[in-house]
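Just below sit the structures, each encoded as structure tokens.
The two complexes that follow have subunit A in common; it is paired with subunit B in the first and with subunit C in the second.
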Partner chain A sequence: MTISRRRGVLLGASALAVALAATACGSSSSSGKSSSSSGGAQSATVSDADLQAALTAGGNLTVWAWEPTLKKVVADFQTKYPNVHVNLVNAGTNKDEYTALQNAVKAGKGVPDVAHIEYYALPQFELAKSVANLTEFGADKLDGTFTPGPWSAVKKDGGVYGLPMDSGPMALFYNKTVFDKFGITTPPATWDEYIADAKKIHDADPSVFISNDTGDPGLTTSLIWQAGGKPYTVDGTTVGVNFASDPGTQKFTAAWQQLIDGKLLAPITSWSDAWYQGMASGKIASLSIGAWMPSSLESGVKGGSGQWRVAPLPQWTAGAKASSENGGSSLAVMQASSNKKLAYAFLKYATVDEGAQSRVDNGAFPATTKQLNSPDFLNKTDAYFGDQKINQVLADSAAAVTPGWSYLPFQVYANSIFNDTVGKAYVSGTKLSDGLKAWQDASIKYGKDQGFTVK
Partner chain B sequence: MASLSADHARPGPPAARARRKTRRSLVGWKFVSPFMALFALVFLAPIGYSIYLSLYKTRLIGGTQFVGAQNYTEAFQDSQFWSGFGRVALFLMVQVPIMLGLALLLALAIDSGRLYGAAFFRISVFLPYAVPAVVATLMWGFMYGTRFGLIGNLDKAFGVTLPDPLSPDLILASIGNIVTWQWVGYNMLILYSALRVVNPSLYEAAAIEGAGQFRIIWAIKLPALRGALMIATIFSVIGSFQLFNEPSILKHLAPNAITTYFTPNYYAYSLSFDGQQFNYSATVAIVMGVATMIVAYAVQLRGMRKAG
Partner chain C sequence: MTSDTSGMSDTIRPAQPARPARLRGATPPLRAKARHAPHLRRRSVTLTALMTLMVIYSLLPLAWLAINATKSQNGLFNSFGLWFKDFSFFSNISDTFTYDHAIFTRWLLNTVLYVVVGAGGATLLATLAGYGLAKFDFPGKKAVFAIVIGAVAVPGTALAVPTFLMFSKLGLTDTPWAIIIPSLISPFGLYLMWTFSTDAVPKEMLESARVDGAGEFRTFFKVSLPLLGPGIVTVLLFNVVATWNNYFLPLIMLKDPDWYPLTLGLNDWNMQAQTAGGDAVFNLVITGSLVTIVPLIAAFLLLQRYWQSGLSAGSVKG
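And then the complex of A and B:
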């Protein structure tokens, strides 16, 4: 009966095979761990001259990344340093790449020299000692090179585990034509105003929504972050998860529960076809999302050209200027790399030196203060956004990111079960706060099961 | 004649007979050895390795430890696993009878010879089977959309509000619909081919005896279909327990209706790919494999008892 069902079996079998491959070398990875643990606050032992020498000597580098602007960076890099051969591999996007990466690390072979890792996933690799501490190459001296949000995301206990490649300070992207149509002349400055606007729009036309949400862990944690919440505490292998009595979380749930109860958010999942259609047809009027969104809007919602604008994220406290990050990623040197010096030299080229500018020119949102503050970048206008200087809004957001946030060392897994728990609030009578409590419990259970000390 | 055959069958000396027997059996093994080698490599070895894996536990902190049967006791107490198991069991009990009942009706209709354009009818019912499951699920997923899909269009055209097929309450039925759509033609073909081998003289005899169509179905066709129905049932049982494609694709459209433990196979997938819990994932896979074998065997025993 079963071509398709057999495919299911095959998938299951390949899952199993991956599992086999991964765990086969589980025992050897522990021995690898002990040899590779380098001290946290080591001073630089590799000078810039050493890096230069490594670049001149050349060698082969394998880079796993899905970020499109890296293609040009790699080409330019090889032109400048002809002895270095970079093999740029797209090993999948986010979760898919992490799975492949974790399996390669466990198997002890096929590990790339450099990997593209998002900020929320980096702690997981740092904890497993899969990524190298870059302080020995002088990365700690890059203080001030990057904006505070991304820089704190790659640092831990005095170590630096990746160099920020891009960042996603949040902003409110809105369709001005739709807002105007419903008499909303200024974008909402606070979340209370946002709720009022949401009602105004939806009451006037029930097919139009101020935004969409079907339960998105990235959005939820970013908004709690903006509200000053600190539901996660991480200290080495001791972790704490507390949504239940976190003040920032309570601000978020109070507002979001109103939006859910009033059915004011379109039940459309982000990145689905319906999502793009919804924005194209003006049924989804705005998005609270990271600064990397413009290129996706321009390619995914072509018809919206000239209609969209960017405003600061609505505030939890009137008059405040708080923001948070949503997404964004780093490049990390893998501990298993046999040529870490060269790998770091590439990292520096791609994120700090020529590569940083090249990537911004090709539409990436920078994590470097130099690019972020350059007049060229700030004064750039974009016809899609009605010639608004959107980078000024986004750069202001980058500077206003609330400090002190951390993700769990197993955030990838925690996010994967978000919809099992918090998702219920979107489709049944479950309260959002109860959903978050269930998420907390499930995260704690997993943490304990994985050997963490849970506070 | 009798003596001749006795002579022919006279056994040789015991030693020679034994030697011949050994040689004969060795020849047999040589013939099956390519199969056995592959079978061991791609079937027995992975199962053996999964069992091995299921006896260990790897943690993010603390590495790998031998834990004996701990994963199994955990699986038996795991409410998420059992909720997935219950879901596929329910699916099996509702969807399989509906699908096979439909397939039976269609097969009988085509076999009755009273259908105009039977060949076209047959191919059009069978056609969904040729659509890859992933494509079929995506297609149905679009139709199920209340906002931009077929359901949304119907709502708009008739000014009604149809229930959302992707809501948590209806999602299992919606998956059942996709699976039925896809497999009914395939099962129909199994049953129809079994009907084709019935000796037509039986029908002639029945007609002479004055039996009507329903009497013929009851007394000739259904008994002839018993073996084919059993095969179709066993395939469907296995297919239901291994439900994976449909939920994993619909999860993108209905993230809150389909949990990461929606079916046991999907649970095993989530455990290893999202949770890095390879050992526990292997355990779930083995428990589910054994459960499937037991149920399929029970169905087979029951089918054979009826036949006997």
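And then the complex of A and C:
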């Protein structure tokens, strides 16, 4: 649920990817090691009664996660099942955790039972068989429990490798006070209007920008996704990377190149302190970002209360209603866990049962249809957003996510080299399309080196 | 015995730096300053200006920290960095100590534990070893010297990962021992104590003590230790600062926030802002940082006079 933001972790990330790919080629162990099961991969061999028995019997679980709302979930879980002791560890945020996780898997020691893994990173762990296939526990029967975007992100070839914890359908978060000041009465409905508004704002006051961007792989891929682009194709260990002749990518580069050329985007990196300051002082007027943003705005930009609003993401085609996911994460059971049954029971509690509601109450954006469609959730107003019913906008976005997107099985590495390739377009004369081509070439080369068949 | 030794040390040159320092400590600092004033008359304008610049350069970040610790999160975003906005210092302080079930206090106590046991132990070991190497002859001394000098050149950061792998095998990671045991080794402190003991404890004194029938341990504790005071304080300060500020070692050794030192904890708070749904607490990060450096500043101010004389111990004075 976090946006990759630091750039210096290249070394760790690449080491991780190397190790992952190596395991992908060498290991053939599958989810049959669990003591209770005899290994029917596709059908549930563990019944709900078995899970209940595991919860009553109790035991110890180690959970690696950085998601703040899990603290309460764990506390409630332990109250309900007093025989289970959960050790919730913050082993780092996104890439830091993945590196630690991979090191532990490699060392065969200190692997947690449950790990927090973002959707874009899950294929990597799934391919390396570091995470367990949950169909054995009946996870395949949860069809319809989750919204389509997150559910497809954890499924692969009939297997389920994690349970969605949250989702990030995209929307345009904007500071209405700033928009009003520059005479923008309705938020831009298309990216063309967005560019026009960006010019309007920046021409009137050169210190104010419609948004910030210094090159963010998450945002770039999400906008290409929204435009209907499919630069990545994945079929087992056969992958394809093609930004150069992808129609969706071309829509994106055409628009974004104008914003870059006109210097219409603030040169501030997301999640930095300058970013929060820019939003607080009204220098950054809007964000195209995932639906999990409200709680970060409310805690990080307290002074913006009452000024911010949420609108649908601007469209590539006028009148369309396309959206995409930005971030979002799952909880996965590690293959090395010695108590997978109990681990899965916790997963289910945290993502489907009581935990789902508890997390939504504490500001997370749900991945479950039940919470997403509940009238309480949809009609909730928020003074921070001028009593707008923002969840309706966000839920509409969740329903409009363009299907068919997939990330690379080495996306963590690919994202880590984004700034060395595409990032150049933001600071020098390199064209965005050339930058993406360079990213494509570097990704293909890496994929080949790791033993993938690259088309 | 004590009066004997001090009488002797006055007549022997190498011990000189230690004595004035201890004497000066007995008199109020103001008077001490006044007494020295005539010597400071010769002033160079260029040097004074240069010094002033350096002082400003060094104090500016500190001033920034102190000023911004008084602002609320909103005030931080909407004000000039080097001036005051809203005064929320006391609420920041109380929030720092109560936020997230008072985890900051836990981190503070952890840090104190690591410093007391780690830096204290390192100083003790460095003193014993340095003294032993300086005052006793034994085969292989040159080899030990070479190893110690070599060890000074190897940065602790380079050893962190191998240490981690070793500790992981021993099952010590994620425990306080993972921080304390590596902190006990201080080659630089050993070297400093070695050179300091060579100069500060005259051989003649040790010999007379032995003639008087004192055993080696008694000689060490009654005769040598008082003379080594400034050196010990210097090494202690070095070790305290290094352990207090230790970041990389705990970063790779610890996963459990309950054992974090302040450095890691503050980083954790800072990282919260970079997580969607995380609570951005910039004001607490800044206030926490200020609280973190106060004990170090206090230690320096209190032990300053020992530190100065300890640093100059090896140099030729007067």
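Brief remarks on what is shown
Note that in this section the second predicted complex is superposed on the first by the 414 of 455 C-alpha atoms of A that agree within 3 Å, B and C clash if a C-alpha of one lies under 4 Å from a C-alpha of the other, contacts with A are read in each partner's own complex, and residues count from 1 in each chain.
Here is the rule we go by: a residue touches a chain if its C-beta (ideal position, glycine included) is under 8 Å from a C-beta of that chain, and two chains touch if they have at least 3 such contacts.
These numbers come from a predicted model, not from an experiment.
Once chain A of one complex is fitted onto chain A of the other, the partner contacts of A:363 are limited to subunit C, with no touch recorded for subunit B.
Looking at the shared chain after the overlay, A:277 reaches both subunit B and subunit C. Set against each other, subunit B and subunit C differ in how many residues of subunit A they touch, and the higher count belongs to B.
When the two complexes are overlaid on their common chain A, residue A:107 makes contact with subunit C while staying clear of subunit B. Looking at the shared chain after the overlay, A:378 reaches neither subunit B nor subunit C. In the superposed model, A:295 makes contact with subunit C only, not with subunit B. When the shared chain is aligned, no partner comes close enough to touch A:53: not subunit B, not subunit C.
In the superposition on chain A, contact of A:419 is made with subunit B only, not with subunit C. In the superposition on chain A, A:66 makes contact with subunit C only, while subunit B stays out of contact range. Shared contact residues of subunit A with subunit B and subunit C: 1-3, 5, 273, 277.
Against subunit B, in their complex, subunit A makes its touches with residues 1-5, 7-9, 11-13, 15-20, 22-23, 26-27, 29-30, 95, 99, 102, 124, 127-128, 214-215, 237, 266-269, 272-274, 277-278, 409-410, 412-413, 416-417, 419-420, 423-424, 426-428, 446, 449-452. Residues of subunit A that touch subunit C in their complex: 1-3, 5-6, 66-69, 89-91, 93, 100, 107, 109-110, 166, 168, 271, 273, 276-277, 280-281, 290, 292-293, 295-296, 299-303, 327, 363-364. In the complex of the two chains, the subunit C residues touching subunit A come out as 73-74, 76-78, 168, 173, 255-257, 268, 271-282. Residues 46, 49-50, 53, 56, 58-64, 129, 132-134, 136, 142, 145, 147-148, 167-168, 182-183, 186-187, 232, 235-236, 238-239, 242-245, 252-253, 255-257, 259-261, 265, 268-270, 272-279, 281-282, 285 of subunit B are the ones touching subunit A in the complex.
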